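Shared chain: subunit A. Partners: subunit B in the first complex, subunit C in the second.
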Partner chain A sequence: MGMNAHWDKTMNRWLKIDPREGRVSLNELPRLAYAELYDDLNRCLQDENFHVASYFGVTVPEGVLLICLVADDASGGVWLASYLYGEGGERILPSLTAVHPALHVFEREMTENFGICFADSPWNKPLRYAHDRADRRQSMNCYPFYAIEGEALHEVNVGPIHAGIIEPGCFRFICNGEQIVHLEIMLGYQHRGVERLLRETDNRLRQTLLCESVAGDSAVAHGSAYAMLVERLGQRPASEVLELERAIALELERIAVHLADTGALCMDIGYQLGQVACEALRTIVINTTQAWCGNRFGKGLIRPGGSFYPLTDGLRTLVRNNMEEVRRRFAEVTDDLLDSASVLARFEDCGVLTRTQALRIGAVGEAARASDLKRDVRASHPWGPYGALIVHEPVMAAGGDVFSRLKIRLGEVMQSISYVNTLIDRLDEIPEKSPRPDYTFPLAPSALAFSMQEGWRGEIVHVGLTDAGGRLCAYKLKDPSLHNWLGLALAVRGEGISDFPICNKSFNLSYCGHDL
Partner chain B sequence: MVSLILILFVALMQPGLIARTRARLSGRKGVPFYQHLNNVGVLLRKDPIYGASAGMVTRLAPVVYLGATVTAALLLPVGGFGALLSFDGDIVLFCYLLGLGRLALMLGAMDAGSSFQGMGASREALYGAFVEPALFLVLGTLALVSGQIRFDGLFSQVVSGRPEMFVVMILMMYALFKIVLVEAGRIPVDDPRTHLELTMIHEVMVLDYAGFDMALITLSGWIKTALLSIIGASALASVLEGTAPVIVLLALMFALLIGVLESTMARSRLSRNTTYIMTIVALAFVIFTIAFLVMREVSIG
Partner chain C sequence: MLVSKLKVLRSHGKQFIPDLQGVKLPDTFRGRPRITGPIPSELAGELERICPVGAITAEPFSLDTGRCVFCNECAMRAPQHIVFTSDYRLSSADRDALVVRENAPEAIDFRADKVRTCIHRLFGRALKLREVSAGGDNATEMELNASMNVNFDFSRFGIDFVASPRHADGVVLTGPLTENMARALEICYNSIPAPRILILAGSDAVSGGLFADSPALQRDFLDRYPVDLYIPGNPVHPLTFIDGIMTLLGHYRREPWLQAQ
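After this line comes the complex of A and B, so read on.
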């Protein structure tokens, strides 16, 4: 409590919001001078409980408004403040990235989108080459890759077209023989302009579909974040049944992707037994989701205001039985993996992301937890049944290597299965059904709302602003991949280039989640 | 001529046997047994495609590789069926014909001018250099125990009926099995099924080849695997008084074992491959020493 009071005092210029509330009127949004914003951020980010959940620019009549959300894992609070770019006369801002590298993605995005100049930024390269970027002369063809001169070194370029059926992204390695000295990842090929499309349409069904498509493997997580945000803006809190069903869908998504990733990791080291076993189990889980909503990835399941697909008694039995089946068979797979010397030899001590690195780059989610950094929205900023029915204790590992990331997956599959069962048990106690979706309820005018979800990959943050007429005029979303890509680049330093694929798979980051 | 037919038979059966074993052990029905032949048939009917930077070497490499491998096949007898060519020292020529094939493929890969192929060629050169002593030690041991330096008689003149020799030959077959794993690019050394260029050894070298050329490379690889398997099988058969059918069955057993191995274990880290291959060399040296002591009738202790 003492610490919290201390931070309340330090952050007294900021507005503290209960994340279960998640909405403020734009009039209440504190507007700071840049020096104040800089000082406060610089100070609070020295406490590792704090991290920037979102920091972005919005075009307002007066210019560009920078809005910052800081999440405090210890107190569960979220602090909000803003700064009008150019207010006070300064056009060149001191960069926070120089002190806190985790902010590089946010500052690079602001530079790219609005031409905001951060004077001493160490790495201010374009982030994703957005369609509406400020400087159209910048193009992907002339991305300024980092280069090292040297007779012994050579460059290997992988992508943007890859051998597997994956998304495009360009990886530039600088190698000393078989050893990776440096890796730079250039993304942006999947940029679709999701945020612009979101604010340009008033059709809330279309907005839902857009959010479901931010990252194909996180359809439920991004869909839920959108639904929660709109419900907050519309002051239409979801019923308990609806929240339970969404949580079940989210945990099913987590189980399915973790199973798929475990299988894919086995495939990449040529371990056929683990691969086929995990693929079969993943099919059971995604088929369960399909039986529920007609789509294996849960598209169509999450809608604002309600649901078209109530989890009926028959479906509950199906989910329970399938969870039991997966639990039984996955326990065998887990034992087998942890017992196989040839598997452990590949995963252990490979691709280490140290805790300090994870903290400095602002790693989130499963990758952070594998490096002993506790970042889990279900525990720190719980919503719905989390924090009440489910008191979440994150699965942690300390190694930071591929094996640790695998162990997180193995543990979380089992944990999520038990959560699904708990959630269904609670659902059985409630007689009423979830309402039908509603795409038309009015939204509060001149308001800001945010929602946070722990997708399987990590922290997802959506922020939406409404204008005086109550229509969504700005939407900012953040996929955990945004932070974690740099983690991958750091983790492979010093590794053999032939181990890059398993390091990459162990993070399994989203290209389109980053590129939006 | 019969020996050549038997070698080709083993070469064409082994890939199907590996695939079938893997499929069965992973609980799948698997592709038809002859699928690999269909695939090569399709490749044979297609024209090759060459990259912009590819020169003469790229075009020549597959032909040289196949030519060298088939010539090597002419030197190897199977059981009682003699080889088409036989002369003193043909075992040395055999090894270097395989070496020539490898060299052709490596030059072809580098000629493509891509960083991937270059990486593959450098790996192949390293592992090829390490595995060659092992093959020579194994063949040298055979020459020692049979008193012959030509394939004709290398297996038939082995002093059989002695239990020590049986042990030597079992070890020899084991060493040759490991050499086959390296030469054929199978798990744990290489993974022929992977799609990840950065981890490949053999597959990344031939990444730019297509159509007819790719078919030649594939066929050469099969024949090479068959040749080494048959040497291993012949070594064991020599002490069992085994005839050609036994040798063919033992050689097919190699494929079965590869299938089992690939279903149940993961591939090693690339940096561990050197150690793995050096262990084969060490094993071959131990076999040689044991054979030497047995032949000289030196008793220890």
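After this line comes the complex of A and C, so read on.
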């Protein structure tokens, strides 16, 4: 019996969906008892190819329905099941976090939003102090920080406002002298109520813009996840040209941020040459995106059903030339960086997230790949040109340290440049243009659709549900930061507190993407 | 080792832009809207309806750039009436001046007369700012960082971002001002020695933008403290930011050009 067949049998209570289809009718959605959901999850998550892509509650007439999406990286399958909270009379649910810590974010969110109790959860703390939280008395001012007693220990609080121009979040360190013993990260300052606004509007342009603003540095990735989701609900698959253009935009976004992060890491160790060279290269890339769509972050480019900004012949030449320029110059920067012992000395063996840790916390994206954990939606659950025109082989590193996360970026900049060229070559062969955006096509009623994208940080998952009238009535977003923040907290243990900035930059996680 | 550094330097060349005011942004850039009227009332009503942030008022027709998130949808629906020009000089000391009407002059009125008199005297030669993000999506934040980078090099004018509010002369607020960040923002603002200035950067900071209707915001801080500069954008382009600050400090002037039109 092959592995796939084995899992089909184990997960036989779940609905297996072709991720290229990504849509089911709500009455096909299996409803399990909590014990079944618990057992199945517990079992499949012992295979490291499995991870929970999304797990969340939605309000339905009968109560709160918990919906779970499990992704299998080996087969590319996605399994779906649900459980109506309290259906079997239970109020307190056994926590899966105790066995699979990766689930802590999902369970904490359910507790926060719906007051669902999980027994024996080792870490059931507020997640983001959402405005619609079940218990409004829960206040950020009394977050239950973990504390350790000891004469030699002291606490350092950083935030919510940080030294640089970045988003707010609170970092509480427990230190033994200079050395970090423990770091706890409290978030929620950036909470804007994105998911609520998404379901409260019928204006699909507004929904698109909200998704573009989930994390401004991932406007293309979240925008594309939204567009793909409604196109699935509307059974209006994007044309090939549109998919190619979206993939080009996504890879440009990846290149730009990786360059920015490489520069920022250089800055933090006083390696000014690397910093300024990367800043200048990033400028080239985001100005290319600006020439294309008028916005350096790609806002305005991704729209459901079509696009206002075709990549014209002139723009294709511009993109090609600029990519060549960046490739040449970034190769020189990389050579110098890898040749500078004083640079490597700061990055190597600093801020290690081991593979086991990465796996246990459910790390995704570049941080996971730097810890030798192959998580990349472009390879595991490919869409559009991925898996066909581009057979993606993820860039990997094994050290789990700051240097490994840097090496992923160095490798991916070059890889993405070559992808952009391949995508444009294919675009050249197609005479059609992409159609104009369409915000009005009808959506399938009583349906669920999901979409996955590999943004530069990692796995983005959007899930949307429609009501009987075909109106988007629930929307669940997941930014990769949701998982990876705990990775940062673990990686800094044992490091000097003065190395925190480079550890933090090496992850560069999103606050607003987490807080929504 | 040295050779590899020299290679990087040679390719890097000279990056800074000597004349920031001489820069032209590409035509695709969405800056100040130009509205050619009269817009037929049916079309105006449609534009009011499709605008995802309520920036458009049909009667009499106006477009509030302090709310606008520059999605370009209205201009695509009514290309003969609305064009987003590449004029990035979007800021003003007066909130009302951000509202663009039919056949308006070819510039946003900065309203230099609204600038508090102490600002030129105290901050004209050096201005230190503390940035606070309160729900910003990290795009304007990255653009503010970029205004200090090798290309724009804004600190050449004595203007800088600093880490501590105690070292700052004012706050630059980004983001729609979330409830969860309201307290920290106020503490930070009040930690700055008076007189202090307050700058709102980005349409979400100016009006709440896309999030204006969200109950997760708490914007009463802005009712209690005076705002010195409004800078629209989604995000704010570094040149828009630099132009705004320089005009606030009296180094750049927009009015004479405005009158020349």
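Heads up, the rule we're going with is that the second predicted complex is superposed on the first by the 515 of 516 C-alpha atoms of A that agree within 3 Å, B and C clash if a C-alpha of one lies under 4 Å from a C-alpha of the other, contacts with A are read in each partner's own complex, and residues count from 1 in each chain.
Criterion: contacts are C-beta pairs under 8 Å (C-beta built on N, C-alpha and C of every residue); 3 or more make two chains touch, one makes a residue touch a chain.
Computed from a predicted model, the values in this text were never measured in an experiment.
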Is A:C266 touching the first partner subunit B, the second partner subunit C, both, or neither of them? first
With both complexes superposed on chain A, which partner does A:F308 reach: first (subunit B), second (subunit C), both or neither? second
Answer with first, second, both or neither: which of subunit B and subunit C does A:L406 touch in the superposed model? neither
Would you check which partner chain A:G294 touches, where first means subunit B only, second means subunit C only, and both and neither mean what they say? second
As a test of reading the superposition: which chain, subunit B or subunit C, is in touch with more residues of subunit A? C
Is A:V352 in contact with subunit B, with subunit C, with both, or with neither (first, second, both, neither)? neither
Just checking: does A:L65 make contact with subunit B only, subunit C only, both, or neither of them? Give me first, second, both or neither. neither
Considering only the touch criterion stated at the top, classify A:L209 as touching first (subunit B), second (subunit C), both, or neither. second
Which partner does A:V158 reach: the first (subunit B), the second (subunit C), both, or neither? first
Now for A:S342: first (subunit B), second (subunit C), both, or neither, which partner does it touch? first
Could you pull out which residues of subunit A sit against subunit B in one structure and against subunit C in the other? 163-164, 273, 276, 340
In the complex, subunit A residues that touch subunit B: 154-158, 163-164, 178, 266, 268-273, 275-276, 340, 342-343, 345-346, 350, 496-501
Which residues of subunit A touch subunit C in their complex? 129-131, 140-141, 160-161, 163-168, 188-193, 196-197, 200-201, 203, 205-206, 209-210, 213-217, 219, 260, 273-274, 276-277, 279-280, 283, 290-297, 299-300, 308-309, 328-329, 332-333, 335-336, 339-340, 436, 510-512, 515
Going by the contact rule at the top, pick out the subunit B residues touching subunit A in the complex. 22, 25-28, 115-116, 119, 187-188, 191, 193-199, 262-272
Enumerate the contact residues on subunit C facing subunit A in the complex. 1, 4-5, 7-9, 11-12, 15, 25-26, 28-30, 50, 52-53, 69-73, 76, 84, 130-146, 149-151, 161, 163, 175-176, 178-181, 183-184, 188, 204, 210-211, 213-217, 234-235, 237
